[in-house]
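Chains: A, B, C, D, E and F, in written order; residue numbering restarts at 1 for each.
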């Protein structure tokens, strides 16, 4: 099993609804350092699972749509908290769509995606799914 | 599959019995940077797998019981070497107990735990188990 | 010359006024990983410049007053942008006050402070001053 | 499931054939920071999966054979691109051979190997296999 | 004193002439993770020393001219070894030229530049100069 | 001004005498990730300040003499606490001796040394001196 990971980041504001969140119920923000991992069993004729350059561009496009925004105002997260877990799933779903739409090239070998969001040097969350 | 990871550390002394350990048979010590990962398939109504704040507290409690100690004197490790692997298992078992006891809240979604101990910038070990 | 550094973090929302900031003029946020460095020429009788435990507590207090807040609403930053540079100076000034007030103990040896705020894995800013 | 990981690095030149690689078709180079992970279900009587000292030596031997070389001239990579994925597989295969040859000691517990090559702070690739 | 640092990287081939370099006399390569630090005593009316976005673009331009190249063929390094120290100076000189040419905006406050090149996780070199 | 830094580590036991240290008065231990920085104004004819290979060997020798030891039993630290600051000074002094004794080669350009000891991911200390 191969995997290729690329890293980018996004800076957003949001608040989290629910007593469990304590002070994070207030409007605050986060830098999410985002790692997108593509997994698969085989390489193509060029010897790659996905092109790292293209993967970097697609991840940049995905995080770019959330960057420098207040997630409380974004329709994607209406009615749900934009927790680190939820954001990881959102980005993994988005990247899976892009893979299926051919944005990474044939990429026939990509069978799984993991997205990890580092919210600080001491906490991070991931979501893993098939493509 | 979701995962949430929090990081803490502990500073301990110990020695390791067995020729394979070479100079580490002498009394020495280590800072273990400890990552505790909680895994599960689903999020609760707040949009979280576990509360990062609570997970941080529980990990701090678990490493706190070993912190600033000579592990050669601790009853938990009588008759066994407190290697990085053994310590990872010890902490994973401890956290699994805490999860089952409800310390992380309902956390119905937590089905697995991974604990990784970094003993330096060039070596680390993990133990993974079901909850 | 000795130095001692401790690390903590804070998660805040803010917006930045001025065309130069482009999309960062919108309300967004950041995790700032904060390093506070204390400098001085001599150690006390215990062999320390400052106690790392106390330094950690004082830094935690300083970042705690900004944590989980929208800095656009904080009086300290009325009329100024809460840029990474401005926040670094704010925290360095705050820590210098705490040092002079004896919060770190006698700490007679501390002559300088540097605060570094990492806003992502690819950008950070510092402010350095005398105590 | 236990795992033990050790880190080393190698500095190599190479070029990559195929339009997808853009400017990386030119002769260039890379530092690969290499993480070798050994996995297994059980510990031996010393309380270890593998000896970290020995694992470090074996990884050093494996990366040493490629270090400070132009991979375009190495027979191992004749007719294939020495991409990060291909290099990860090459090193994992090599380490699996060493494990089976007893280089890590009895190491009866090692059932899998993962090799991760970090080509920069924003991109890395892995290969995982059974021993 | 303020400083602002941005990070990028470049992947190059080269060889080093001189017995001291041992195996690095052969053609090999490196990923250099490059940190460019801008220093100065005062902030402008926007509350910044330099715009992080612009600094990132200028650093990208500077490393881009060397990226994916064999430095042995580059006229800038004719007659000198392209060691980590020499490359750090080259990039610092280049960035100082860009600052003086106004590429970072008025940036009246920038009085010094430090460039650090990380050649691996265990070795790096810097060059510091006035603008 | 140039600088070259190399990284190694050591794992030691010790205890710290004095109420300020709280639980660290007990016998415990630490992994110190050690960065040794050599500073100087000029490069030699090979284009280097110091040879990174030799610097790595000298640092390894210096940390090797303390590695896997209980510092409470080491004569160098009789009557003084082996705090992170004291250990940084000890290693910087040791490396300055080695530089003056020619262990790094002519190295005429080395005018200063900084040693940084990371005791965890959230605390480190440095000592800087002339050679």
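Things worth noting here:
Note that contacts are C-beta pairs under 8 Å (C-beta built on N, C-alpha and C of every residue); 3 or more make two chains touch, one makes a residue touch a chain.
Worth saying up front: this structure is predicted, and the values here are computed from it rather than measured.
In a homomeric contact, the two copies may use the same or different surfaces; for subunit E and subunit F, under half of the interface residue numbers are shared, pointing to different surfaces. Relative to subunit A, the chain whose mean Cα position lies farthest away is F.
It takes 120 degrees of rotation, in steps of 5, to superpose the Cα atoms of subunit C onto those of subunit F. If you compare A-B with D-E, the chain pair joined by more contacting C-beta pairs is D-E.
Computed centre separation for the pair subunit B/subunit C is 30 angstrom, with centres defined by C-alpha atoms. In whole angstrom, the spacing between the mean C-alpha positions of subunit A and subunit F is 40. One simple way to say how far apart two chains are is to compare their mean CA positions; for subunit C and subunit E this gives 27 Å. Residue positions 7, 119, 121-122 of subunit C each touch two or more of the other chains. Residue ranges on subunit D touching subunit A, taken from their complex, read 16-18, 20-22, 80-86, 88-89, 119, 121-129. Contact residues on subunit A toward subunit C in their complex (touch as defined above): 7, 9, 11-14, 23-24, 26-33, 67-70, 119-122. If you check the complex, the residues on subunit D that touch subunit B are 1-8, 43, 45-49, 51-54, 56, 105.
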